[in-house]
Amino acid sequence: MGNSYGTIFRLTTFGESHGGAIGGVIDGCPAGIEIDTELIQQELDRRKPGQSEITTQRKETDEIEILSGIFEGKSLGTPIGFIIRNTDPRSKDYSHIETKFRPSHADFTYQEKYGIRDYRGGGRSSARETAMRVAAGAIAKLALEQLGVKIHGYVSKIGEITAPHYTEMDLGRTEENIVRCPDPVTAEAMIELVKKTRKDGDSIGGMVTAVISGVPAGLGEPVFDRFHAELGKAMLSINAVKGFQYGSGFASTGMKGSEHNDEYYTEGVRVRTRTNRSGGIQGGITNGEDIYFDVAFKPVATIMKEQQSVDEKGESTTVSGRGRHDPCVVPRAVPIVEAMAALVTFDFYLRNQTAKFGG
Amino acid sequence: MGNSYGTIFRLTTFGESHGGAIGGVIDGCPAGIEIDTELIQQELDRRKPGQSEITTQRKETDEIEILSGIFEGKSLGTPIGFIIRNTDPRSKDYSHIETKFRPSHADFTYQEKYGIRDYRGGGRSSARETAMRVAAGAIAKLALEQLGVKIHGYVSKIGEITAPHYTEMDLGRTEENIVRCPDPVTAEAMIELVKKTRKDGDSIGGMVTAVISGVPAGLGEPVFDRFHAELGKAMLSINAVKGFQYGSGFASTGMKGSEHNDEYYTEGVRVRTRTNRSGGIQGGITNGEDIYFDVAFKPVATIMKEQQSVDEKGESTTVSGRGRHDPCVVPRAVPIVEAMAALVTFDFYLRNQTAKFGG
Amino acid sequence: MGNSYGTIFRLTTFGESHGGAIGGVIDGCPAGIEIDTELIQQELDRRKPGQSEITTQRKETDEIEILSGIFEGKSLGTPIGFIIRNTDPRSKDYSHIETKFRPSHADFTYQEKYGIRDYRGGGRSSARETAMRVAAGAIAKLALEQLGVKIHGYVSKIGEITAPHYTEMDLGRTEENIVRCPDPVTAEAMIELVKKTRKDGDSIGGMVTAVISGVPAGLGEPVFDRFHAELGKAMLSINAVKGFQYGSGFASTGMKGSEHNDEYYTEGVRVRTRTNRSGGIQGGITNGEDIYFDVAFKPVATIMKEQQSVDEKGESTTVSGRGRHDPCVVPRAVPIVEAMAALVTFDFYLRNQTAKFGG
Amino acid sequence: MGNSYGTIFRLTTFGESHGGAIGGVIDGCPAGIEIDTELIQQELDRRKPGQSEITTQRKETDEIEILSGIFEGKSLGTPIGFIIRNTDPRSKDYSHIETKFRPSHADFTYQEKYGIRDYRGGGRSSARETAMRVAAGAIAKLALEQLGVKIHGYVSKIGEITAPHYTEMDLGRTEENIVRCPDPVTAEAMIELVKKTRKDGDSIGGMVTAVISGVPAGLGEPVFDRFHAELGKAMLSINAVKGFQYGSGFASTGMKGSEHNDEYYTEGVRVRTRTNRSGGIQGGITNGEDIYFDVAFKPVATIMKEQQSVDEKGESTTVSGRGRHDPCVVPRAVPIVEAMAALVTFDFYLRNQTAKFGG
C-alpha cells in the first residue's frame, strides 16, 4: 500500500529515520546479473549527508548490508534484502518538535492520516528513505549497463541560475564539482548561491535534468503505464519534487504542430527522428532516441528562521530549524533521480519481454 | 499490464478506435452509490468530437451502454462493465497510412513493440480510449460529490494566451464558452487562435489547470504512491501530455524556503495554511487545502501540412492529414483531466479507509 | 478487487447472470498469437447449459462477441474484450426468491457484504460468470498448444462412482460421452446416477481430474506463488469447489518419505523422476513431469425439494427450486477446470520469461 | 514476483537459509494496533527447530529483531520490517550436496528456473522462510483478536493415526503435548509413531486442521478471490503441502444436495445455519459460522536412507540425509498454518472496509 515500486523488478522499502534501520527488498530481479556490491556503496556515497561543504554537515556513513539474494557475486533470482543501520547519535535533538507541526513538512499530514507518528527526524517522511532507492537503483543500473543503457543526471538549475541544454555540455563532467552541474562556470555560480543561502539560514530550490540513452525502441505499456507516466510518478515520489516534464515539456503548450512534430528518417537499418521534441517517447513507448526530462525541487522546508505554526492541540507556536541543515538538496538528489530512472527503465525492459509471443 | 488504473477503484479499458467497440470495467466500486447514468452520458458529451466549431467535425455519438454492476439505480459492489460501439463510417479513410509512420504519432513505436498494429485511426493509441476514462471518472465524481469533493478543470493556456490564476476567476463559468476558459476575455482570444490554427491546417498546444476542493486531510500513501505522484501519473497517461506540476510547481525551483513554506494557523478546529504553495499536499498526503495542478498538452500530431517520414520498410515518404482534424485538443481534454483526477481522488479515499485500525 | 485473475496474462470478468451481458477483458496477452475464434466458441459450447440430457435443459446459446485486441486473426498485444449477451427470456422466474435466502447459495452472504444484491438468478454469484473464464482459457490454450502444452480434464468421480487412475485410461476419449469420463463403463454408471438424481429432484457431487502435460521445467514462483498454490486458488475459485489436491495429495499424509520421494534419473539430456508423486512440481516449480490434480465439487445447492430457510427480515420460510435445474454440474465443469489450468500455466510461462537475465 | 502475500496487509519475505538473514516487511498494516513484540517471539518459538524431542535437534534461536513501523508499542501505519539472523554454525555441512539433486527437494527445479542456486540448506526453498510468515501472522493475530476472531490449528493426522472431529475436542488443549493434537490419547500414539519413524531414519506425512471462529459475515471477494480460494492458496504455499479442503471438502463429492445443504434459521438477530458443511463460506464470502479446513502435508523429503539421484551433469549418484533431521514437520507446521490463516483473514477484513459506500 504505497511502499513498493515496480511491476516485475519491485522494490519495497521500510524504515523510519530514527528507528532501528532503514531497509529494502527487491523482488523480481532476474538471476545471473553480476553485482558488484562496491558500486552500490559508491552510489550511496553520492547521496549521503556530509559529503561536501554545501550539504548538511550531519555525518552518516550509510553503510549497506546485503542480506540475501546474491550468491558468489551474482543475483539468485530470489529477493535481495538489504539494510542500513541508523546511527545518528543526536536522536534526542528532536524533542523540541515532538508536538509541533513544522511548516511545509509532513508532520501534520501524517498525524491526520495515522493518528500517530514517529516525530523524530520526520520518521518515515524523511528523505533518508531515498537511500534505499539509490541502493536498488544501483542494481538496476548494473543490469542496464549490460544492456547498453546509460543514465546521466545533473543539476540544471538552482534558484535563477540555469545550465545550458544537455546537448551542449559534456555530461561526463558532472561529478567534477560538488554541485553536480557539468558546466564549470554555471557550477561555480551555483555553489556561491548555495553557500550564501546557508549563511542566510535559508534554503533554495532547483532542478535536476536527466538523460537516459541507449534505450531500445518498444519499452512502455499503453495506455495507463506509458513510459513517461511511470517516469513522472517515480520522480514525483521523491521528497520535495513539485513538477515533471519530458521532451519539449511545458514549452510545447506554446508550439504549433508543424514546429513540434519529429520527422522520421532512416539511418542504416534504424528509423530515427531528426528532432527529438518527443523526448524519446511516442504514444508512451520508447522510440530509441534519448529520453530526457526535468524534475523540479522546491526549497527544503527546514530553515533556521523562525516561522509561525501550530501544535497538536491547535495552539499557536513558533518553529525554527536547529544545527545542521541542507540549504539545497538538489546536488544530493542527482543520484536519487538516476536511481528512480533506472528502476523505471529496467522494469519496463522486463515487462517488455512478453510483448511478443515467442520472443 | 498497462490497461488498468487504480488500486481499489480500478478501471480497465479495452478497444481500438476502429474495432467493434471500446469498453471499460470498474472493479472495486463500493456498493450502494446512487448512479445517475444520464450524468455519465453528459460527461461523455463534453469529450465527444464534433461538439463545437473549434473541435474536429468528425461526428461520434459516443453513446454508452452499461452492461453490469448497477441495479435499480445503485452500484452492486460488483464490476461495472460498459461499452461504446464504434460507428464512424469512414474507416476506409486510413488505407493511405497503412504502412507509413506518421510523425510524432505512435505508429512506429507500436510496430516496434508488438510487431503488429491496427493502423486504422491509431488503433489503441487513439485518444478515443479516453472516453472510457471519462465514463469511469463520472462514477467516481458522483461518489466524491456525496463526500463533498468537487473537481473543476479549465483551459488555462493555448499557444501564448494565458488565463489568470484560478483564484482570480469564477470556475463555475467554465462551460459558458466552447474553449472552456472561465475568463470570457481570454476565452475569446483563445477561440480566435484555434480558428486561425485550423485555417492554417496546423495544430496548437495548450494547458489544462484543475482544482480539487473539499478533499479531507490524510489522503495519499507514502512513500511511492504520494497523492501528487499518482495524480501526475494519471495526467501523464493522457494522450499528448508532456508535463505536470502542482502547487508552486516549476516556479518553486527559483524560490527560497522562507518564501515558499506555508505557515500553519487554526481556523476553528481545523488546522489550515495561510498560503498554499504546497498545493494541498505535504509529504504526499493531503492537508485539506485546495489541490491545484497544471497539465501541459503538446500540439496534436495530425496536421494538414505535408511532412517527411518513412514507411515500414524504412523508405522515405511523405504524410499529411486528411479531412477533419482537431486543431487543439485542450478544450476536449478538460473532462478527461477531471475524470482522471476523480479516479485518483476516489481511489485514495478508499485506500485511506484502512489507514487507522478500528476506524 | 477480486474480479481479476493472473499476473501478466490477466483476465477481468464482469456481469450478472440477468443483466445486459457478461463480459471479460484479457490484458497482457502477447502480440502475434494466432487466434481462431471458432475454437473459443467450441469451448464455450462444452460449458453451455442444455448441451445434453443430463444437464439443465435451460437453453442459452452463449454466443461470444470479441470486441477488441484481435486484428486479421492475430492478437495485437492490446486488451482483448469480449461479451456474451444475456438472453434467457425467463428472467421473471426469480421473483419468488427476491427476499429469501436459498440454502447454501450466496444470497445471504452477498446481502451481508454489500447491503444490496441482484437476486435474479444469483446475479454475480451465478456460475454463468465462468463462461468468461472458458473464453479466456481458450485463448491461453491456443498459445499453450503452440508451446507443446496440453491440458486434459475429465470427470473422475460422481457420487461414489470412481474412474480408474488417469494413467490407465485414454484421455482422448473424454468427449465421447456426455458425462466426460474417458472410461466407457464408468461413464455409463455415472450417467445412470445423474439421471436418477434428477428424477429424485436432487443433486449430486463429484470430482474433476486434470492433467497438464508438456510443461517445461522452471515454471512457478517461489515462495507464495508456487505453481500448485496458484493452481489451487484458481480451482477453488470455481463455483461449488470444496477441495484441491495435486500429485499424491491427501494420500501423502499416510506415507513415509522412503515411499513418497521421487528418485531422479537421466533420460537422454533430460532429468526425469521414476515416480511422480510430486505431481510434476517440486518446491512450487515445475520439473517437466505431468502435472495432475483433483478438484472436489459439492452437489449443487438448487434442488427441487422443499427446504427450511429465512428471508431478509429473518423470518422463517421455505424454498424449493423450480423448473429446469442441473442435477450434477461436474460434466460441464470440465472445460472450466481446463480453462483455469490454462490461465495459470500460460501466466506462469510468461512470468518465467524474466527469471534469468539475458534470456 | 512471488515473494509477497496479501492485497492490503501485504507481507514480503526475503532470505536464504544460509545467507546473512531472513527477513520480512509488512506494508499496509493499519496504524494504532497495540503490538506486544513478546507475543511475536512466542509464536516463533512454537515453530523453531529443536523445541522438543520429536523435531529436528538442530538448534536455532530464531530471535526476531523489529526494525521499523512500531513506535511506543503501536503500529505506525508505515512498513514493519524485521529480520532473524542466520546463526547455524554448521553451514559447511552442505558441501556434499553442492552439485547433487536431492529427491523431492527443490534443488533441480531451482537450478532449471534460475540457472544458479544457493545449495546450502536449500537456500530460499528452505522451510526456514516460513518463520517470517509466523512473525507477520502474529501481528495479524493480535489485530484479529481485538476484532473477536480466534484461530486454532492442531495436528489431526499423522500416518494413519487420526484425531476426532474438531467439534469433539477441546482445542484449548493443543499445546499440552509436543505433537499438538488436542486429544491426549491420539497424541500419545502420534508421538510414538514419530519416534519410531525417526529411529528408522525415515519421515512421515500428516495433516493439520484449523478453525477460524468469530469471523463476521461478509469477508471474501467474489469471484476469483473467494475466501476459501485465498485460504487454499495460502496453505498450498507452505512447504510440503499437497492438498487443501474446507467444510465438507472431498467428502462432498459423494453427497446429495439434500444431504449437503445448510438450512438457515434465526438466532436472535443473527441468521445462522443448522449444519455447517459450507465451512463458514458461501459463494466465497463468510457467513459468520466457523471456518474449518484441512491441510495435507507429505512426508519431508530429507531421510537418512540412501536414494538414487543425479547430479548437475546428469550423472547417476546417491544421496542420503545427514545428522539432524525432522521426521515429521506437522507439529511445527501448526503455527505456520495459523499464521497464514491470520494473514488471509485480516487482509480480507481490511479489503471489506470498502465494500459498502459510506460504511
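Some notes on this structure:
Chains here go by letter, A, B, C and D, matching the order in which they are written, and residues are numbered from 1 within each.
What we mean here is this: a residue touches a chain if its C-beta (ideal position, glycine included) is under 8 Å from a C-beta of that chain, and two chains touch if they have at least 3 such contacts.
Note that the coordinates shown come from a computational prediction; the quantities given were computed from them, not determined experimentally.
Comparing chain pairs B-D and A-D by the number of C-beta pairs in contact, the larger count belongs to A-D.
Farthest chain from chain D (centres taken as the mean of C-alpha atoms): B. Inter-chain centre distance (chain C to chain D, centres taken as mean C-alpha positions): 26 Å. One inter-chain figure worth recording: chain B and chain D are separated by 46 Å, centre to centre, where each centre is the mean of the chain's CA atoms. In whole angstrom, the spacing between the mean C-alpha positions of chain A and chain D is 39.
Shown for chain B are the residues that touch two or more other chains, namely 1-4, 8, 13, 28, 31-32, 77-78, 113-115, 124, 222, 354-356. Note for the complex: chain D touches chain A at residues 1-4, 8, 10, 12-16, 19-23, 25, 27-28, 31-32, 65-69, 71, 74, 76-81, 83, 113-118, 123-124.
Chain D meets chain C in the complex at residues 1-5, 7, 13, 101, 103-106, 108-110, 112-115, 124-125, 129, 157-160, 197, 202-207, 217-226, 228-230, 232-234, 236-237, 239, 242-250, 252-266, 269, 271, 273-274, 277-279, 281-288, 294, 296-303, 305, 307-310, 314-316, 351-352, 354-356.
Residues of chain D touching chain B in their complex: 8, 28, 30-33, 75, 77-78, 143, 146, 222, 350, 353-358.
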